[in-house]
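In what follows, subunit A forms one complex with subunit B and a second complex with subunit C.
Moving on, here comes the complex of A and B:
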């Protein structure tokens, strides 16, 4: 399923998956900083995470302050967060 | 017959002592060793999130100390 076809819960789950891949490969790279295959894996999932966070922020509000990008409305503190029912 | 109850070595009491092996002399006593990990096959991200690691070689049941874990 393409990212733009996902509903809010599916997109949030996608973000959880790619973010977990980033976290786990980060721990590996901490002890293997020259492993080029692992760096490729990191870059791949980091790109997916960034674009998913951007897509989520555009539709449902920012999950991190990095994707807040306010223009004329401060959505950061004014949209329901996932644990406040924001993804239900 | 002599009574060995206070002097028998551990292996005689519980059978839990490892056998001596030819590797013993390669490792210093009291040092811990972690084998080097290599980046090879990884789980797909949906399975990795469910299991808790992207690395199949680190996918262990971790059932010690009364913790719940996958069988």
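Moving on, here comes the complex of A and C:
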């Protein structure tokens, strides 16, 4: 599914998946810094993560302060807190 | 410096409150092998770690542990919210409730408060990394024990994720230990402490 066809819950799930790939490969690269395949993997998932965070921020508000782009309303404080659970 | 992400590392949506299992799972928040201990252990050990790559590994894993701390707190929160005092009492939660209501406070399942004595910073690279590997195994055993007691799939799913991360971190710390040993005299890793003794090791950087 293309990112622009995802609903909020699907997009958040996608962000969780690609971000987890980044976390896991970061720790791997800490102990295998010369693994070229792992560096390719890191770059691939980091690109997906960046664009997904940007897409989420535009539609539903920022998940990270770096993707916040407030105009006349401080949406950072309006995004649900992660322990709330529920729909997404 | 850290930045917060307004999401969990792994999603948690628990729809059936159950204070009895909340009391058990709480141990992985503030208990002896919990995520607060893990995070503070690695994030405290890193300052005197003389090898930058290993100090970086402690930082990145310690950071992920902060996300795990939030996940365990979320599980406890979702298992206890909306319950009445009577329901909490019937689940054996009254001794916690009287002091903390339905708030999240770091303690072990048996009620022992979180305490920095649950982890060590020895200031010796090999000693600390061996402790870190043991800590990952102890947390893995605790998650295994939780999985024997808990049957709700909405709770078991994130617990299995956390258990798996203990296994991965055990592997990474083993690699970190090897990186430290590669810097030392292979005939006697223990003749000096690379975090303290000047000139200890072959390739100090």
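Rule of thumb we're sticking to: the second predicted complex is superposed on the first by the 79 of 88 C-alpha atoms of A that agree within 3 Å, B and C clash if a C-alpha of one lies under 4 Å from a C-alpha of the other, contacts with A are read in each partner's own complex, and residues count from 1 in each chain.
The working rule: a contact is a pair of C-beta atoms (placed from the backbone, for glycine too) under 8 Å apart; a residue touches a chain by one contact, two chains touch by 3 or more.
This structure is a prediction, so every number in the text was calculated from the model and none was measured.
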- Please indicate which partner A:1 is in contact with in the superposed arrangement: first for subunit B, second for subunit C, both, or neither. neither
- Task: Examine A:85 and indicate which partner it touches, taking first as subunit B and second as subunit C; both and neither are also allowed.
- Result: second
- Who does A:37 touch here: subunit B (first), subunit C (second), both, or neither? first
- Tell me which partner A:21 touches in the superposition: subunit B (first), subunit C (second), both or neither. first
- Task: Could you figure out whether subunit B or subunit C reaches more residues of subunit A?
- Result: C
- Message: By the touch definition at the top of the document, which applies to A:45: first (subunit B), second (subunit C), both, or neither?
- Response: first
- Query: Is A:65 contacted by the first partner subunit B, the second partner subunit C, both or neither?
  - Reply: second
- Query: Which residues form the common part of the subunit A surface touched by subunit B and by subunit C?
  - Reply: 16, 20, 24, 28, 31-32
- Query: Which subunit B residues qualify as touching subunit A in the complex?
  - Reply: 37, 39, 42, 45-46, 48-49, 53-55
- Message: Looking at the complex, which residues from subunit A come into contact with subunit C?
- Response: 12-13, 15-16, 19-20, 23-24, 26-28, 30-33, 62-66, 76, 79-83, 85-86
- Item | Interface residues, subunit C side, partner subunit A - complex | 3-14, 53, 56-57, 60-61, 64, 70, 73-74, 77-78, 168-169, 172, 175-176, 179
- Residues of subunit A touching subunit B in the complex: 16-18, 20-21, 24-25, 28, 31-32, 35, 37-38, 41, 45
